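Below, each structure is written out as structure tokens.
In the two complexes below, chain A is the common chain; its partner is chain B in one and chain C in the other.
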Partner chain A sequence: MLKVVNSAIPVACWSCSVKQDEAKLFCPSCSKIQPPPGADYYAVFGLEPKLNLDVAELETEFHRLSRKLHPDRFARASEHEKDWSLADTALLNDAYRALKDPIKRTEYLLQLSGAQIGEQNSGKDRRDPSRAPADLLEEVFDLNMQLEEMRMARASGESDPNLEKSLSEAKAKFEGLLNEVDTDLRTQWTAWDSGEESAQAAAQKSMIALLDRRRYLRNLVRDVTEVLGD
Partner chain B sequence: MAYSDKVVDHYNNPRNVGTLDKSLQEVGTGLVGAPECGDVMRLQIKVNPETQVIEEAKFKTFGCGSAIASSSLATEWIQGRTVEDALAIKNTDIVKELSLPPVKIHCSVLAEDAIRAAIGDWKKKNGVAETAPAATAEAK
Partner chain C sequence: MAEGRVVGIDLGTTNSLVAYMQGEKPVVIPGVDGSNLVPSVVALDPMPAQGGRPTVTVGNSARRVLIETPERVIYSVKRLMGRGLTEVKNELKLFPFRLADDVEEGEVPRVQLGELRFTPPEISAYILRQLKRNAERYFGEPVTAAVITVPAYFNDAQRQATKDAGRMAGLDVLRLVNEPTAAALAYGLDRAKEGTIAVYDLGGGTFDISILKLRDGIFEVQSTNGDTHLGGDDIDNLLLAIALDEIHSEHGVDLRSQPDAVQALRKAAIDAKIQLSTADSARFDIELPNGDRYQREIPREVFESLIEGILDRTAGPCKQAMADAGVKPEDVDEVVLVGGSTRIPAVHKLVDELFHLAARGKKPHTELNPDEVVALGAAVQADILAGASKATEELLLLDVTPLSLGIEALGGVVAKIIQRNSTIPASATEHFTTGVDGQTNVAIHVVQGERELAEDCRSLARFDLKGIPPMTAGLPRIEVKFLIDADGILRVTAREQRSGKEAQIEVKPTYGLTDEQVETMILDSFDHAEEDFARRLLIEARNEAESLLTKVEQAKANPAWAHLTGEEQAAITSAQDKLASAKLGTDAKELRETTAWLDRATQRLAELMMDAAVTSAIRGKTMQDAGEDLDDSSISAPHPFAPTEFR
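Up next, the complex of A and B:
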């Protein structure tokens, strides 16, 4: 899913031969379209790799570049340029999708910086107790019991208003916890964006744990929503 | 990925599913979970205070087939053992018995953790000193 290769290799424009330090969608000298730069998603937008990001600005830039890259504009161009307008557009779309969503952006930047997150995790990290939401276990277990009861009641066509009420309350509670995680994540963004090495390392560790917790909570909310059918 | 016959057997006919009264002095309860997959496992033991033999073990697991099979097997194995013998069970024993593939090894780890947690709870309740933690070394 990541297309990060040799972003720093100097390239020359195919048309005007002017060398660039970094591959871009368009040549800064002659403005001709270029093959898809093997750059990271931030570089596609000419952005610094930061987690705090102005999404409105990103959107404006996305629309501007989309228009410039639109295949209709290359109807009379060479075959190469036609192909590149398609390939560049695909890259731009991928980059936009990855960066506009705060969670995807966090995961992407963590991966860029070499962190292993989510399902990629294996081995010794799994036993790190800080990764397990131990504080939630009791509630998660009870919630699962109630979900099972509710599914069984539903299957036999019964309804249990008390159970439904208790599940709705649990759902609200876990949604609240999810919001807390998002707030905590944003705090870590700022620490990360400071660029200071030890702060970044600490923020990275916190964010990986927060993303785990978030995934866990999101699955729970999804299960309850599914059973409640709303 | 196909489950082994033994996993399927434990999944379809889980042994010892249920609950023990956790307020009882002789009952120890272990509750463990894996954050990535959302599995939660509760394992309970009832220990004979004279002989320290686990007379009854019950579990309830919310998770995948391998997690259910691992905890089912764990209850089968610890019944009739003394608590010290039960602590000797390693997750690798479970992996071997159930032929778990590498991606499911964490299910066996969870089951081992659940045994330890239940025994730990029972020891705490009954004022039994924890044994040297040498046995808890990684075995994967």
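Up next, the complex of A and C:
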């Protein structure tokens, strides 16, 4: 079950000995599978680190690489090649999972550029991610009261149609806010992708804030959905 | 093929099958008795008088001795695979497994079979070895590599136990494939389709639902969900419990403490269930020990309302799987039904409602035999792995992990590091450090499951990062890489980054055997492929012939013999003579054919003997012996018989 791996990048292909400038999944010379490169997720797909990307194209490329890398293709290969196929495919799958989802992609790229997000955020700008955004304080306070009432009503087997209706409305409202956050995020993507330094810095700052807000709203919607039981 | 064939194996709770790719089509390989299904039943023959180990029989022949010597037979062992002592004890409430009395917490539980004790993987290994032999007979050459299917919702320990069983049986397990995914492969092979399909797999003991996306020959699983304790067994248990209650209240007879009677009643319940899939009504008519008759008519509507609660339990996982895949019922283009329990019409109705099929002018797919489709799919995957086959070179299966992987953090909370439904192989890298100055060890607890607290999840492994160079607290930085491989099994690697020293780890799986233990359990060296294959075949064939001849000789003394027609008796005697003379020769093929002939000739005799045993059990004649044989008579729940099919 366990062994210690040496992930040092070889300077030459293990099979044909042709020297490589950078670690790749396959040897450019003999096409043999190589140990996992220390590459970031974008590099796995040969993509520029951008937030706007064509997910359909990403899927096609994911399938193409899967066909070549997957352990099913190496069932009868040498132990080395089996191990590399496994590690390479894990990297490919991890990369695809992170990049195909717009939120995960945003988080990943921000982290890649050195930003600390969510619970990792421990710098001087640290915000408590469990704290309500300032503009929502009042509504969240009311909502939490209603949630508590609803839980108690549920526990004692009563039903309160008015409360239920009000919670459903609140849920719809917060879902609307979630959609707004997503729209705002997409606007920031374009600013980031421009590559212009000051625009990127500003976009990064507002995206970190948007992601915090999004996380908060999503938990809220989840709580309401749970209580409403639908 | 220089490297030998790869076969596909469905190692089921009730029945097991082996299949292979015949050109462009997967086919099931029949056993000696001509049957495609090998009942997952293992029996220990009587201890040889001259000492040594008793032989082990598998399948239909093992099932035959079930009623005579239940303490030497085990079935449904799949329920015990990869489980700890506490979980196994829970199973004991429902199934008559006899646990060895010296099992301790933390060990792999062993079951008592006659004089001997076996771990669940060893029992499964005997079933696998039988399938391997069936395949070897069929091909006339050794078979050493296989793909084995597992329920999609199997956890790490259950998967590892299945792989261990393969190794013990002398098989190189090239891949574990999820059962619903295998079924999709079997269906998807001859239809170059694109779209979203759902596989609804309700078997004897487990329920799985998987949502897949098909595109250009790539079968990409989007999500999977299920219940490893939901299946046809639950329906049988329910019918049985009702019958036992009614017999108790109407006739004042409590059969619960009479295992053989319960087994016979369970057979009747299974028959009724099967009948109700085609007939509008089924009937219980059973003679009780006090001479009364228990008669009960079950119309299909009553049956359907009885099992509604059980079937409804499949709805939640289906909805969750759709939500996780991000699809609505309308987005599902095809639904495939797998597993014997999907023959129940009420299941079709439920599936129709869940996926809005009729409303869209669609019907679920049932073209392939639901008992065989998983094995057929395993054969397709075996062909993919063997490579160099035109039929499957464009196909690729991308499966997911059914359960989230997490690490126990401060306060017993789980920090999830790989989410459920992540495509496998998948990995996560975590960094650990020390909390005390000079600390050289860090303990890590890995769990699997969706719950917030580690104690509510399934403990997977504990390990220590050892040999950390003594440093100020918080300074060491140990990188641990968790990787779930293509079989859904976890691998861990670690490095201390600051000192560049490699941290030592010994992973102790919470449930499971060590490599060394597996090594000692590898079934007899006799089975190794390098052995003289032809000689082995002959010896096996002779043993089989010998064993059958002995059984037939004994059977002739049974009262059932007198119930055969003169013609039937003559056929048996002539087949017996023929086999006795074939046994002296060296033609293994002829010997096997003659054995099969005698086996067929005695089929009715065996059935009569079974029926007689059942009837006498019900009348209580053998009850006393049976009660002594089973040391688990204290259990309260009805003890259902094997979900095996009685024919």
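The criterion applied here is as follows: the second predicted complex is superposed on the first by the 208 of 230 C-alpha atoms of A that agree within 3 Å, B and C clash if a C-alpha of one lies under 4 Å from a C-alpha of the other, contacts with A are read in each partner's own complex, and residues count from 1 in each chain.
Rule of thumb we're sticking to: a residue touches a chain if its C-beta (ideal position, glycine included) is under 8 Å from a C-beta of that chain, and two chains touch if they have at least 3 such contacts.
Quantities reported herein were computed from a predicted structural model and do not represent experimental measurements.
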| item | value |
| --- | --- |
| Partner chain(s) touched by A:S66 [first = chain B, second = chain C, both, neither] | second |
| Which superposed partner A:Y108 touches (first chain B, second chain C, both, neither) | neither |
| First (chain B), second (chain C), both or neither touched by A:Y96 | second |
| Touched partner set for A:R76, first chain B, second chain C, both or neither | second |
| Contacts of A:W84 with chain B and chain C, given as first, second, both or neither | neither |
| Set of chain A residues, in rising order, touched by both chain B and chain C | none |
| Chain A contact footprint on chain B (complex, rising order) | 31-36, 38, 40, 42, 60, 62, 106, 109, 138, 140 |
| Touching residues (chain side chain A, partner chain C) in the complex | 1-5, 63, 66-67, 70-73, 75-76, 86-87, 89-91, 93-94, 96-97 |
| In the complex with chain A, residue positions of chain C that touch it | 3, 174-175, 215-216, 218, 220, 381, 384-387, 396-398, 422-428, 461, 463, 481, 483-486, 490-495, 502-503, 505-507, 509 |
| Chain A - residues contacting chain B, complex | 118-119, 121-124, 126-127, 131-134, 136-138, 140-141, 144-145, 148, 212-213, 215-216, 219-220 |
